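As written, the chains take the letters A, B, C and D, and residue 1 is the first residue of each chain.
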Amino acid sequence: MSTQTRASLQVDLAPHNPRELILRNPVIPASGCFGYGQEYSHVIDVQRLGAFCSKGITSQPRAGNPMPRITETPAGMLNAIGLQNPGIDAFIKKYPPIWEHWDVPAIVNFSADTVEEFAEMARKLDDVPGVAALEVNISCPNIHAGGFCFGWDARMSADVSRAVREATTLPVIIKLSPGAVDIAEIAAAVAEQGVDAISLINTLVGMSIDPVTRRSRIANTTGGLSGPAVKPVAVRQVYQVAQAVDIPIIGLGGIFGLNDALEFFMAGATAIEMGTVCFSHPVAPIQLIDDLQTWLDAQGCASIMDIVGVANPQFRAGKDS
Amino acid sequence: MSTQTRASLQVDLAPHNPRELILRNPVIPASGCFGYGQEYSHVIDVQRLGAFCSKGITSQPRAGNPMPRITETPAGMLNAIGLQNPGIDAFIKKYPPIWEHWDVPAIVNFSADTVEEFAEMARKLDDVPGVAALEVNISCPNIHAGGFCFGWDARMSADVSRAVREATTLPVIIKLSPGAVDIAEIAAAVAEQGVDAISLINTLVGMSIDPVTRRSRIANTTGGLSGPAVKPVAVRQVYQVAQAVDIPIIGLGGIFGLNDALEFFMAGATAIEMGTVCFSHPVAPIQLIDDLQTWLDAQGCASIMDIVGVANPQFRAGKDS
Amino acid sequence: MAAVLGKASAPVREWTGEITANRTIMGDSYLVTFTMPEGLAQHIEPGHFVNVLPSGAGSFDPLLRRPYSIYGIDAAANTMTLLIRPYGRGGQWIVDQQPGQSLNVLGILGNHYEVAPRSSHLLMVAGGVGAAPLKMLSEQAVAQGKSVVYLLGARREDQLLDASELPHAVEYIVATEDGSAGHKGFVTELAANYLTWADQIFTCGPTPMMAALRNVILQHRFGKGPQVQISVERTMACGVGACLGCVVETKKGMKASCVDGPVFDMESVVWG
Amino acid sequence: MAAVLGKASAPVREWTGEITANRTIMGDSYLVTFTMPEGLAQHIEPGHFVNVLPSGAGSFDPLLRRPYSIYGIDAAANTMTLLIRPYGRGGQWIVDQQPGQSLNVLGILGNHYEVAPRSSHLLMVAGGVGAAPLKMLSEQAVAQGKSVVYLLGARREDQLLDASELPHAVEYIVATEDGSAGHKGFVTELAANYLTWADQIFTCGPTPMMAALRNVILQHRFGKGPQVQISVERTMACGVGACLGCVVETKKGMKASCVDGPVFDMESVVWG
């Protein structure tokens, strides 16, 4: 069965927020893999994207980790960039004024060391023209909890979510860490705080040792594992979270092409992000928009929403929208 | 610098146990990937191995999960065999009597639903000729804890370890699950119970969806992720555990060849297991023994122990032996 | 008459074969020929398969070997030929390799078809690349003076096996779904005509095809009827009975299709 | 005189190039030539690099592109040549591709060497495959009537660039570690002789070689001395400044070597 009209790729990632996060398509380059949007603007037509996530920022400028920062692993890579960024104030002066004139919504990814700092950053970003939404990276250590990662604990994840929710009326996406034992529990605790959406997964903690130097291949010892290697973990976690929350999910982790993205949509994601693939195939996000359109049309779908969660019998995410 | 004599590959995996687990080399095919040792005996010279781990057994016979049980993922695979096995009693009758006549030590891998069942199985295996050691798989759900995996919780992991330790004088290896938030905490809790060694990692929980059928590619929905894809996670966890315990560690997860194995030794493993690689390259374990010998000789090492933990500044595992 | 077929018993080696020929066949498939170690040829029987690594040295992706039935061997040249339809990235990598390049092969794997000495009329029912093991079986049977009817089903004419691939003595009859050659419809519809003629039936193809064949046979069956041997297709990892990833439910419990099969007596299998 | 060199500004495209030639050079390396899209050639300057995908369609391993300097272009044929020494599995895959097969390429990337209009004496100091960008630079400089001394260091004679690869006008002097050709020792030892002669120095090679060159220059330096441009080598992921995986610490902070480099003024870099 095929239809005359083309399937709609539009998705709504903040159905309950008056400030809205409606994307014309569900394809979003992921934080840390797309710079501040400009780096790829002479390689692809950035304006065609559903949105993009900017490199994670912090309240103070950071020089990042020593080199080497990246290494390749089987079907994946490790990175320990160390959140090199100019700090929120310099960031606000430099990038959003450019984005203001862009068609594509910019989602600002940020992280902090304390709950208060998260709230303060959200407050600063609340009114900045050119910022469409916030993505809150909770895969960072809580300095009040001895370096234990916020995202591994339901209460700490909820604390950050609540603080950010109260500090801004912008659409808020909480980005979960895959290191949690029970990702559905974390997601439920986060969703209860009234945030608009959840994204997952961030990188897994990994390590690679060079037998010649007998040292880690990453100066920071451990790094974050991303790429196709982690896709099965990511699909599983999206599937589990989609049974636990009713807000939209943005799925990511190793998406390189159409079939990968379909796995995430069918598991329950309303949109997807693409990280590592940007390095191997910068054109992949644009290609995916086209491939999704063709595939949905061929399947006779009226909308991308027709396939969201179809592989997930207890699917709830986004169902109320 | 090179030496005349050849480096020793011998390792001691139970330095405090009178029943001993001294292997002539540190290469061990992993549980579930080497059947009961016989399947590969006409493909490679099984007797040359340091040891082998047999397919996980349970107290009752199990038919296993419905098909499909396996699927390929980027540089990895998912499996949900469902512990198909004849049950401990039939197992004891059938396999150990064969192994009794073998040179290579057989390590019996098993799992259970309750702490008592773990103890009972260990007791049954304690005196069986042909059984050299036990590997206790705690990556299985505790039916008294609502399906929560034993291996994700330090107290539950310690409970199983203590019960097995008390039930047998055989060398006991506890096989950790990588799903724990803090693997070092689990390892420390396990080591305190007086077990002889720790092995890690078991598989990560993953999922893969077929866009055509719109269903999981695994009948059991989720499966265990193994192979090169998981190696960075495994190396990192071995590295962390080697700082937390002083008993020997057996490292595994994605080891295909020499350089992979060296990563684990340098992170702190005294021996390694090889799982998924057996499917792609059945000769890989034998090849690794030869490659290790050549490499250690070229490096002028007296023993494999010379490189154990060299990449790990806070290395402790096996240090007291 | 669910006879128990033999278990895998041929020697298993991992070897690097050099490709000596690679040509297209059946429209979208390939005949890939490569060298094998001395001493294996005499152990190879129709129905045996090998597991081919679908990536080069230095790559871990795709990771798992792909099983392919043996299409033919040349004992003099010490080469083996596989008939490969690339469904996905592993098969595609294999058929992309050119003469002079190499393949890493694990084999000989599995059990094999068994022709009873007193059977003289053999019916082959093949679907698509299921043609492969039955081609070798037909050659052997004809050489032993048996009568062979070889039925092959495909979607279109260009996906059929060229008649020149089979021995002259074989009666080769085809069916295509679009009617572009032979019977228009399914190959199983042709089979009905030979059920009383055949002493044994050998089949290989997609599971729905074999299930359909079974229905045809059950409908027409009188008395004991011919014994039917099927070659099942399961996703495999090890190929030697070690992983239990490829099991088939039989009336005698779960069997590993790589060592207790791939050839089973049709009636020994539990049909879903 | 730490001059600020330009940032990456050439157009960046992802394209599939067809390999037109692949031959060995310098003992263990390869010159791989492949097609490029129309309209790129005129933007290519010496020092520019491209990122080549080291695996075929259908494989995710190896995953990350490998950066290679442009060795030469043929604007008429619209082809580009890279000089590749395969250190590991990615490089090996690339050099294993044969004419007719294809490469997925991302470029043109990075900034480039800059020859000041009033410089007339140019010294090139190359180590190993660092020869690549300086070969293109030498060609351009000779064409502009500049005098070029090209120093190359290698381990053994067979790892040197054949003189025929360079324009005749270039004064080509070599050093080998084992003394099998030219000066016995390091190329940096030869450089000392040309420090007063040179208006500008251009270097590319292993980091220790460039550090040694810097020591030689610092020791001999009088007055302002020649400006030195180095091409640094960092592990890269994106090649376009998006990942911050390839940074170099400079006196003006962390710079991405893929867009603020790979060519830096030697004195702008913080030496460890």
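We take it that a contact is a pair of C-beta atoms (placed from the backbone, for glycine too) under 8 Å apart; a residue touches a chain by one contact, two chains touch by 3 or more.
Computed from a predicted model, the values in this text were never measured in an experiment.
> Keeping to the contact definition above, tell me which chains border both chain B and chain D.
Intersection of chain B and chain D contact lists gives A, C.
> Averaging over Cα atoms per chain, report the distance between chain A and chain D in Å.
Each chain reduced to its C-alpha mean, chain A and chain D end up 36 Å apart.
> Averaged over CA atoms, how far is the centre of chain C from the centre of chain D? Could you give it in whole Å?
Taking the average C-alpha coordinate of chain C and of chain D, the gap between them is 53 Å.
> In whole angstrom, what separates the CA-based centres of chain A and chain C?
47
> What are the residues of chain D that contact at least two other chains?
60-62, 90
> Check each residue of chain A and list the ones that touch at least two other chains.
Counting only residues that touch two or more other chains, chain A contributes 74-76, 227-229.
> Given which chains touch which, is the overall layout a line, a ring, a star, complete, or other?
complete
> Taking the touch rule as given, give the residues of chain B at its contact with chain D in the complex, in rising order.
74-75, 228
> Which positions of chain B touch chain C when the two form their complex?
32-35, 39-40, 42-43, 55, 63-64, 67-72, 74-77, 79, 81, 84, 227-229, 256, 276, 278-283
> Would you pull the chain B residues touching chain A in the complex into a rising list?
It comes out as residues 73-76, 78, 152, 179-181, 204-209, 211, 214-216, 221-223, 225, 227-233, 235-236, 239, 254, 258-259, 262-263, 266-267, 307, 310-311.
> Please give the residue numbers of chain D that touch chain C in the complex, ascending.
55-62, 88-90, 92-93, 96
> Within their complex, state which residues of chain D touch chain A.
11-14, 53, 60-65, 90, 106, 234-247, 253-254, 259
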